[in-house]
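Residue numbering begins at 1 within each chain, and the chains themselves are lettered A, B, C and D in the order written.
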Amino acid sequence: MVVEVKLVSYTPGPDEWAHRFGGYPARLSIKPGDVLRVGTEDCFGGRVQHPGDIPSEVVKFEDMNPVSGPIHVEGAEPGDILAVHFIDIIPARKYAVSSLFPHFGALSGTHETALLHDALPELVWFYDIDVEKWTATFRAVRSDFALTLPLDPMHGTVGVAPAFGESRLVFVPSVYGGNMDTPELRAGTTLYLPVSVPGALLALGDGHARQGEGEVTGTGLESAMRTAITVDVVKGAEPLGWPRLENDDFVMSTGSIRPLEDAFRISQKDLLGWVSSLLGIDTFDAYQLVSQLGVSPVANVCDPNYTFVAKFPKRYLDTAAYGGVHNRLSAIADDYRKSYARLW
Amino acid sequence: MVVEVKLVSYTPGPDEWAHRFGGYPARLSIKPGDVLRVGTEDCFGGRVQHPGDIPSEVVKFEDMNPVSGPIHVEGAEPGDILAVHFIDIIPARKYAVSSLFPHFGALSGTHETALLHDALPELVWFYDIDVEKWTATFRAVRSDFALTLPLDPMHGTVGVAPAFGESRLVFVPSVYGGNMDTPELRAGTTLYLPVSVPGALLALGDGHARQGEGEVTGTGLESAMRTAITVDVVKGAEPLGWPRLENDDFVMSTGSIRPLEDAFRISQKDLLGWVSSLLGIDTFDAYQLVSQLGVSPVANVCDPNYTFVAKFPKRYLDTAAYGGVHNRLSAIADDYRKSYARLW
Amino acid sequence: MVVEVKLVSYTPGPDEWAHRFGGYPARLSIKPGDVLRVGTEDCFGGRVQHPGDIPSEVVKFEDMNPVSGPIHVEGAEPGDILAVHFIDIIPARKYAVSSLFPHFGALSGTHETALLHDALPELVWFYDIDVEKWTATFRAVRSDFALTLPLDPMHGTVGVAPAFGESRLVFVPSVYGGNMDTPELRAGTTLYLPVSVPGALLALGDGHARQGEGEVTGTGLESAMRTAITVDVVKGAEPLGWPRLENDDFVMSTGSIRPLEDAFRISQKDLLGWVSSLLGIDTFDAYQLVSQLGVSPVANVCDPNYTFVAKFPKRYLDTAAYGGVHNRLSAIADDYRKSYARLW
Amino acid sequence: MVVEVKLVSYTPGPDEWAHRFGGYPARLSIKPGDVLRVGTEDCFGGRVQHPGDIPSEVVKFEDMNPVSGPIHVEGAEPGDILAVHFIDIIPARKYAVSSLFPHFGALSGTHETALLHDALPELVWFYDIDVEKWTATFRAVRSDFALTLPLDPMHGTVGVAPAFGESRLVFVPSVYGGNMDTPELRAGTTLYLPVSVPGALLALGDGHARQGEGEVTGTGLESAMRTAITVDVVKGAEPLGWPRLENDDFVMSTGSIRPLEDAFRISQKDLLGWVSSLLGIDTFDAYQLVSQLGVSPVANVCDPNYTFVAKFPKRYLDTAAYGGVHNRLSAIADDYRKSYARLW
């Protein structure tokens, strides 16, 4: 039996894009269990289209990284947890773009790591995207070298309205999510975000056709996306300190701050608290277990805050997180896939 | 001859306090050259009044550190520099309060430096303030020891509306000023801030009757203030990257970011650029000079961003910064003092 | 045909342990291609044997983390690269020990992150080790919870004599290797170290029956080991800036320094230089590729320097590193396994 | 009455210079109360003498920053504190040299802050030194600008043998002192160092005719020095965690580590512990006082460890540190000055 899925679609144009988390009215409203097909633009606002389009010339700083939303989720109230399950993240164009921004990236002086060097060269890489073959083709800019890579699409930027009326540029990852830039945010993953305003006001964008851990140059394979999500609202749980993720294999905590050791500390402390709760064991016993079983990939070391992810294998847990919401949303994803085309 | 000074007064109550930079309409408007007497509340919103008032119990997080403003400055346009000269900063009460917040301060685990330690004890120190004698008296909480210190009043938090529509909690120091917590922001000092919105939207608060360099516990001698400022708008100068300060002896640059070495780098790079411009010498020659003549006190190592100050002695400069605005505002300060009482 | 393997054995007692890299004469000498069976003691010097043995009471700081060696490798000269291939790393006892040291670990105040908190409790966990089943059994110290984990043995500390006559305590990871504490240093992996003195003077210890990424508590499943290695000397290659690793699937670079973002930067820059060389592409093209294909697990965030690892999948490379030394040493490992028992 | 001062002189040549702390036999021995006239070479080993001498070409890395010593101090035993009082620090030549090293300094990518930028230009500044007028004259390298500055001579590098047999390059500042590069280490100051080996094994060098706080380019006015010191050994005091300083106005603590916030934390925690002990007040009361009265200049943000200084005004103390050793050594300095010429 296939359950009927309520499908909502939303692909905003430039006039509707949001450029901050917080400070915007909702663009649409969805209910828990609805599937939303949402189109997102790439981090360049779609303006880098051909070789010769220089990002810093064709896009203004404040227009970069637009997000689709905010989306009001019915029933979400401050203190709740918003669960966002990614069903599909599919590149929308036959190309993706990556670039070396002036004064950006982990191996460059930046506005914050203020040095006296001239900027590195502003280079642009166009990747050919083949959704059928699920590949991206890299072409070197300084030689004829080419290499075909598997797609592994993800969203760099997903968040809700911050607490206390703050409004933050979309480049920032923080407590409310935002520009975490972790490859873990792929299809099949549930993201948990802390709700600070009625309706949560979810927004997302910054799709990457793939990205390594750390996003060392500062960009992935930047790509407009056709994405399908479904959501739920968790009530009565301990409010989230920081965004969490879950897939079929891992529960994951995140921390987004500078310096990087503090991002690591936040993610590890949050994870051991979660593991302590799921296993019903003492904090220090959980600290010990996480120390021996934890997987700790860095997400980004380029954004205004750096993001670390801490992962614990679910095979060692006997309790489902948040009453099994990940499985329930995964089931909705299955129903959606049975009824609807993957490409739209 | 005493020039007539236009005097404006503004002391808001709790309903008018602002809790963020950005996102508030102007409360009042002043003109360049006006003197504004502005009353500010202490960082506890005035709610810690007696021994036994525990800050974390009597003040909510989001009500901490209220600022007076925002104040619209006539003629200030995006790209201009707002010059704010502090004429007087005078404690308003017979006491000031300092405290050890749970999970705050440079020698404590915090929300960001996430550790497994229990909180340090939440202790409160009341200082007796004597404005006539210009002293504050410390009394130990765990013995009978007492010590009388000179006042050295300052404002921890002074800023304008951020760029690009952001709205930031008052605890944050950043490009637009905010909670820099530097003892250099005392009477006799001119603060330069980058204007991002029409009217600049200045706000200030968080007076300290005195504070050491680094604000290591996270609080100074927190004190409501009776403050007099005058302002000017600098047009046509290179837009500010970060707040700058000037007093009779030094030009100063600031940087507010984590980690602390980046705050240092920002302040030093900004200062050498300024010195390069004022002396008409090459960047690397200025780098060399700043390296040998620079004075580099840390401001705070406790706030969401850390702040460093870089100072260069004016006696080695032969050009006045920004066409001599510091001296012009100092002259207005002199006129004000001749015509008006210091205490009000 | 099985090639004859020259087998050397060395298991030092307490009087022969080394406690620093640099400053010791060689204890033995081996030739490239020899297989060395080397016994190593655990980080407690074997002195934590029973519940109730408190590490800080039974082991002096300066006696912690002893290493076996130094081992002179014939033909190794300054500027060469020493390749150390780990054939087997097998726990030597029926238990492993992990502990929470006072003022140590990523979620604790430390000697360097100097805070005012009391130390966390000094807890000790004994794991049952079953080499036949290849499992370790965790038992909670504050409840009856138990969990069986797979073994994944590694050496935390492997290094050579530092350059310029320095002598560093074994706790430190740095340019010459040392206490990198990465789970990547498991059997089947080749470690490349820069040779700074004749004979290289290799030493190793600090076995962990397993360890999570980041070693957040500061200890793994500390275990004496029975380890088999074989070595080679690479001549004529560009001298190493930092230790590198290679297994059948990845080439890997490391960086060991504080702060953590600099460890990340070092590892990424070294890796992209290596990839640039192996693929024959430009530095910035390699930067781009590493940014999209890189895997970036943290190693330790507890030691005097933090260690990051940057990995690139070998399936995208068409040239073997260092003339294929990893494969040659792997073949020796195969020969050894055919001729000799795994347990000794 | 002038007390007779025992005078010892020692000015080593290149063959006697030390390049590490630890690992050298004593070159000479002095007694507490002796005055030692010690000549030190500049950080270039005296090899940058004329415009056109490029430091990276004329001096090898491992020959940089030679120190004079080690000096055995009679009676100094592990656990004691060595007090080194600087009587005079006088530039030995008519010039001092400052330079911009490739990949060195706070505003440059470095070996540790590994970036992809080309090196900054290697520039060299020669200052004219006039010991009679007590001035140094700066001459810009890229214009005709010149500026005369007051001398303020100091030693960048002063330390003893490290604990546990370590041997560290002279570039490193750490627990045993070393390359702290603080302008506070001027004549009139007493430096306290922890003794780890019999005789302490003091060595010093790296004189700067002056240096700003932070040493942002990585060099001061590098100068060979004619220095006079006297020493004492403090027994029975709590062993030092980190080097301390004292002059007539301040007691000072230092911390030398990365990242910079940890250097700050170490210095502040050490200072409040010292103040707590000197005033006989509780730790948290001392934390409060230091937070309000502390002066916190950064020392260096360029060396392998960064150094922070935390200062507390002695006018608020009623007990002399270490039984008044600073005053006793200052009195010996007075006696020396009465009997001997300042220039030698």
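Keep this in mind: contacts are C-beta pairs under 8 Å (C-beta built on N, C-alpha and C of every residue); 3 or more make two chains touch, one makes a residue touch a chain.
Listed by chain with UniProt protein names: A, B, C, D = Acetamidase.
Only a predicted model underlies this, so the values are computations on that prediction, with no experimental measurement involved.
Comparing the chain pairs C-D and A-C, the larger number of C-beta pairs in contact belongs to A-C. Compared with chain A, the chain whose C-alpha mean position is the greatest distance off is D. Chain centres here are Cα means. That of chain A falls 34 Å from that of chain C. One inter-chain figure worth recording: chain C and chain D are separated by 37 Å, centre to centre, where each centre is the mean of the chain's CA atoms. Annotation for chain C: residues touching 2 or more other chains are 107, 113-116, 120, 258-259, 261, 265, 268-269, 284, 287. Interface residues of chain B facing chain C in the complex, by the touch rule stated above, are 107-109, 113-118, 120, 259, 261. Per the touch definition, chain C reaches chain D in the complex via residues 19-20, 22-23, 62, 112-116, 163-169, 255, 257-259, 262, 265-266, 268-270, 283-284, 287.
Listed in rising order, the residues of chain B touching chain D in the complex are 98, 100, 106-107, 120-121, 123, 125, 138, 140-143, 145, 147, 149, 210-221, 258-261, 264-265, 268-269, 272, 279-282, 284-285, 287-298, 301, 306, 308, 310, 316.
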